[in-house]
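Pasting the structures in now, so scroll down.
Two complexes, one shared chain (subunit A), two partners (subunit B, subunit C).
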Partner chain A sequence: MLWAALVSFIIVTVTFVLLSFAPNPSIQEAATQAALQGGDPAAAAERERELRGLNEPLHIRYMDFLQSVYTLDWGWSQYRSQPVTEAVYEGLYYTAQYSVPWTILTLVLGPLVGLYSAANMYSWKDHAATGFAFFGYAIPNFFFAIILLLVFAVWLEWIPVVYNANAAVFSLENVRQLILPVFVLVTGSIGGIMRVSRNESAEFQNSEFMKTARAKGVSPIRAYLYHVLRPTMVPLSTTIVGQLLALFLGSSLLVEIVFGIPGLGRITYEALVAQDTNLVLGTTLFFTFIAVVGNLLEDIVFTVLDPRISYDDR
Partner chain B sequence: MTPDTDPLLEVANLRTTFDTDGGELVAVDGIDFSIDAGETVCIVGESGSGKTVATESITRLVKSPPATVTGSVRFDGEDLLEASEERLREIRGYNIAHIFQNPQEAMNHCYSVGWQITEALTIHTDASQEEARAKAIDLLDRVGIANASSRFDDYPHEFSGGQKQRVMIAMALVGDPDLLIADEPTTALDVTVQGQILKLLDDLQEEFDMGILFVTHDLGVVAQIADRIVVMYAGKVMERGDVYDVFDRPAHPYTQQLLECLPGTSDSIGGIPGSLPSPTDPPDGCRFAPRCEHAVADCEAGGQPREVEVRPGQAVSCVYYQSGYDASVVEADTGDAETSRGVGDD
Partner chain C sequence: MATENQDRFDRVDWDEIAASRGRDLSVNTLGMLAFAVPLALLGLYDWRLVDEREATFGAIGYDIDITSLEYLFVFTLLLFAFYLVLPLYQNPRRTKHYWTEFKRNRPAVVSLVWLAIVFVGGLIGPLLMNAPQQDILISHQPPVYLSVDQANVANCVGEIANGRCHGTWEYPLGTTNGGRDVLTGIVYGMTTTMQIAFIATTIVAVVGISVGTVSAYAGGWVDEVLMRITDVVLSFPTFLMFLLILYIYGAGIGMFILVFSGFAWGGTARYVRSKALSISEEEYIKACRISGANTYGVVRRHVVPNTASSIITQLTLLIPGFLLFEAQLAFLGIGDTEVPTWGQLISAGRSDLAFAPWIVLAPGIVLFLTILAFNFLGDALLDALNPEAQAETDQ
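What follows is the complex of A and B.
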């Protein structure tokens, strides 16, 4: 817990330092404006700086910054003409709609496919599952998304090409337009998870304690659930968190752009293009928060899954 | 069950083979043995002689495929090799329990020892959580785990090697088995702990009146625990008999050489020259013939010699005991000629 707080604190600080060195677009804008209107650009820049409190010493600005970060006062998004927190919230609304089903599907399917592969190791079933998983792992998400859109939306016309942001969350229309993004992301994330669960469970399948379990009269299903899946979850949880976060922070941006979903990824992208510093900072902070919380969850899950891991004596 | 007449377990012509890329691997090649209730039978032989596979074939614990088990294994009047997988699961852990060689690896590190001990009860009986817990704690206490009730919820990594094997014994005994199959349970432990575990097994056997099939390559252990022994070599039985008879008057040259490997029994530390024959392409005749100093032409022809009873209860599979041979050639060999062989033959 302490570590997570410390990490997020450090990231916030680093972001602040980087930001304090970067030129502020609104000051440049004010200077340009003044020059265009025949005023003194330097004086205008100074006024703007005062207005924004940038003339204060660094440590005072730092304290202000910290305070506003933790009180969720993340500033005003010029590009979207709304508070940054509101913009993030709106983006999250759309991102969550595909992220939640995608995460659940990955968590369920990944280990299952891996276990199935391990149970049928080196048979055609294993090869088919492995091949599928690696295909999804290897192909770039945005490219796969474009191909699927082309086939199912443009040629077959089974699903809409343009995303309708006004569709109700639990409507058939929403399901149809989210099938492809969810599918693309699941194929992307399942590969790594499947591979780890296949290899780890194969190891536990041939373990001595599996023999002990069979000698006790444990049925194959019980043996898999209790004696293979459980120990597999430990190394797997690392992969799952890493894999999901990497996709969430990276690929979801591309997928949102391809499918035209106005979620967090696209908001970040557009804010970057529009040089909306506050909004970029806001989404970055949000992603940071997700990453830190994800890793914290992983650590907690570790102690629950593997009794040999304990943070008590830290 | 009528233990006075029928043995608890009767294994006849047990043969376990594995399909490998290098051809059919015969791990156990037609062996017979039996165990009475309350009796300890030791299977002795060097590593790779098929002892473990033989014991794991009894409840078909060997993975099949790739393994194929044939012959007959009669347990309490029922042929286990004919039994369905479901029936075998009922027997495993309840009527026949196993202890394995390496207690460090034999427990699942994710579960408390209490959970693992009671697992067999959960599967085989309707015992409630509290009953199972009480029984497990009682067993932990009896196998010599101090503060059993507080250690019930501890995890395997919180126990030492010897304690783990005690826990494994408790785990095996929780279903009140009639037969305990112990596969080298003391090999991974140091000698002092080894003695304690053997003593514990001996005490528990009396208490539970169970048959024990004990597998080991350590003749010192055999001397401590066995009633009868079966000497295995390369998937075949070389000799069997009462432990005192076999130790005092070993009939088979292999047994004699094995006994000589015990420290303190001969002047030299030799070992038996040569190594086990290939399990995919075993030699004709007696399996031990290529390494036997007494081998004659007949030893390397045909199959393994028929077992001949040399005295009540002791039988040997060696050409020299067949009619027409002079058994004294090998029998007399416990004397002086023996002592220098280890070095001389190298």
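What follows is the complex of A and C.
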């Protein structure tokens, strides 16, 4: 817990350092404005600096920055004409609509496919599953999304090309327009999880306790689900969160842009293009906190699943 | 050292070893120095004496300019040649053993061939082909053997039959909407891909090994601090930080490589540290110590070679991630626009996807195959170089 807080603190500090050493676009803008209107650019820049509190000494600005970050006072987004927190919240509404089904599907399917693959090791079923995992792992998500959109939306016209932001969350229309993004993300994330769970459960299914269970006449389904899957989940949980997060942070941005979903990733991208510093900061900080919390959850899940591991010494 | 055949214990010339004081440089180091020193001098000359807008070889009449990224690239290539390829040649018996292990994995051999094509194409392709030029007159040419409705092509270079424009060998993979040749774009993208792969792996390996060994041998608070830094690096959201840096300062491909490799060495450092700690308890290390080996000698001769196989595997599996991130940034249009990459080609073709899918498909498939090849290669190396891991998977 302390560690997560410390990491988030370090990241916020790095962000501040990065920001404070860079020329602020709004100052340049003010200077350009003044020059265009025949005024004195230097004076305008100075006025803008004063207005934004940039004349204060560094440590005071740092304290201000820390305070506003942790009290969720993230400023005003000029590009969207609304507070940054509100923009993040609105984006989250769309991002969650595909992230939740995607996470659940990956968490359920990944270990199960791996288990199935391990149970049928070196058969054609195993090879097919492994091949599928490698395919999903290696194909760039945005490229795959473009191809699927071309085939299913443009050529076959099974799904709409343009995302309708007003569709109700639990409607058939929403399911139809979210099925491709979810599919792309699940194929991307399932591969790594499937491979780890295959290798780990292969180790456990020949173990002594499985032989005992079989000898006692435990049904195969129960044996696999209860005796193999559970120890497999321990090493698996270390990779799951990390992989999901990496994908969430990187690919959701791309997938949202390709499919035109007005979620968090798209907001980040538009803020980058529109030079809206507050919004860029807000969304990146939000993603960062998700990453930190994810890592924390991973540690907690680890100790719950395997009581032998303790983090007391940290 | 001074023996011809290191691989056979009974052929070691012990007199020669006793006579050498261990101070003379090996062939590898000599070769490395022979090439690296002129390179460094050239770099210095380029940096201090040549005007920034002038080409490096402008003074002697060649219009070839070398960027700082290319200096780094050549340097890492030299490193790989003298410390990875040359040792393999020097130890033919071990190389043969690796090769027989490696050959059993057929997808990996195919992957290696593919990566060799990308490597050679990236090295000499730009020397043979001119950089892709904008030419609006030849936009949207279809690839050879394929045809496209004439209405979509303003100016068909190939023959027109039944109202369809056919591709020509002049543009084997077609052209983009700006009339750039897709094949040339892909070959130029190979160079960038190889630069990212080689430079990033070198940085990750150097930082990871240094931090790992220093942490293991220094112990105490140095170890504690270094490992906590490693923890932070491991849980750092690099992609987002890079977006921030890109937004605030703007960043080229060099910055990209620096930031991503600067936050990727965590796993390597952790692994090297644990390996160094476990090795230092082994009997043969104690024997080395007693016979007077210093810490540097132990690290150089025993710790690094012992960790090499795992590090190589880890690095092979890291590269696809770098390539993917680069392609994503280029696709978003916020990557380095100065260097030609596959991601740029993909994003260039997106708007014309419905009637000119080759612009997206060709670089996309090349990128997909390259990432797949690196993954297969990493898996095969894991089996070939690391007998323990293999024993585990065979169970």
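Convention: the second predicted complex is superposed on the first by the 303 of 314 C-alpha atoms of A that agree within 3 Å, B and C clash if a C-alpha of one lies under 4 Å from a C-alpha of the other, contacts with A are read in each partner's own complex, and residues count from 1 in each chain.
The rule is simple: a contact is a pair of C-beta atoms (placed from the backbone, for glycine too) under 8 Å apart; a residue touches a chain by one contact, two chains touch by 3 or more.
It should be emphasised that the depicted structure is a prediction, and the values quoted were computed from it without experimental measurement.
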{"item": "Touched subunit A residues, subunit B compared with subunit C", "value": "C"}
{"item": "First, second, both or neither for A:Pro57, with subunit B first and subunit C second", "value": "neither"}
{"item": "Which of subunit B and subunit C A:Arg230 touches, first, second, both or neither", "value": "first"}
{"item": "Touched partner set for A:Ala213, first subunit B, second subunit C, both or neither", "value": "first"}
{"item": "Overlap of subunit C and subunit B interfaces on subunit A (superposed complexes)", "value": "none"}
{"item": "Subunit B contact footprint on subunit A (complex, rising order)", "value": "207-209, 211-219, 222, 226-227, 230-231, 234, 305-308"}
{"item": "In the complex with subunit A, residue positions of subunit C that touch it", "value": "231-232, 235-237, 239-241, 243-249, 320, 324-325, 327-328, 331-332, 334, 346, 350, 353-354, 357, 360-361, 364, 367-368, 371-372, 375-376, 392-393, 395"}
{"item": "List of subunit B residues in touch with subunit A within their complex", "value": "59, 61, 88-94, 97-98, 100, 102, 105-112, 119-120, 123-124, 155, 157, 168, 171"}
{"item": "Residue ranges of subunit A in contact with subunit C within the complex", "value": "3, 7, 10-11, 14-15, 18-19, 22, 134-135, 137-140, 142-143, 146-147, 150, 154, 199, 202-203, 206, 245-246, 249-251, 253-254, 257, 268-269, 272, 277, 280-281, 284, 287-288, 291-292, 295"}
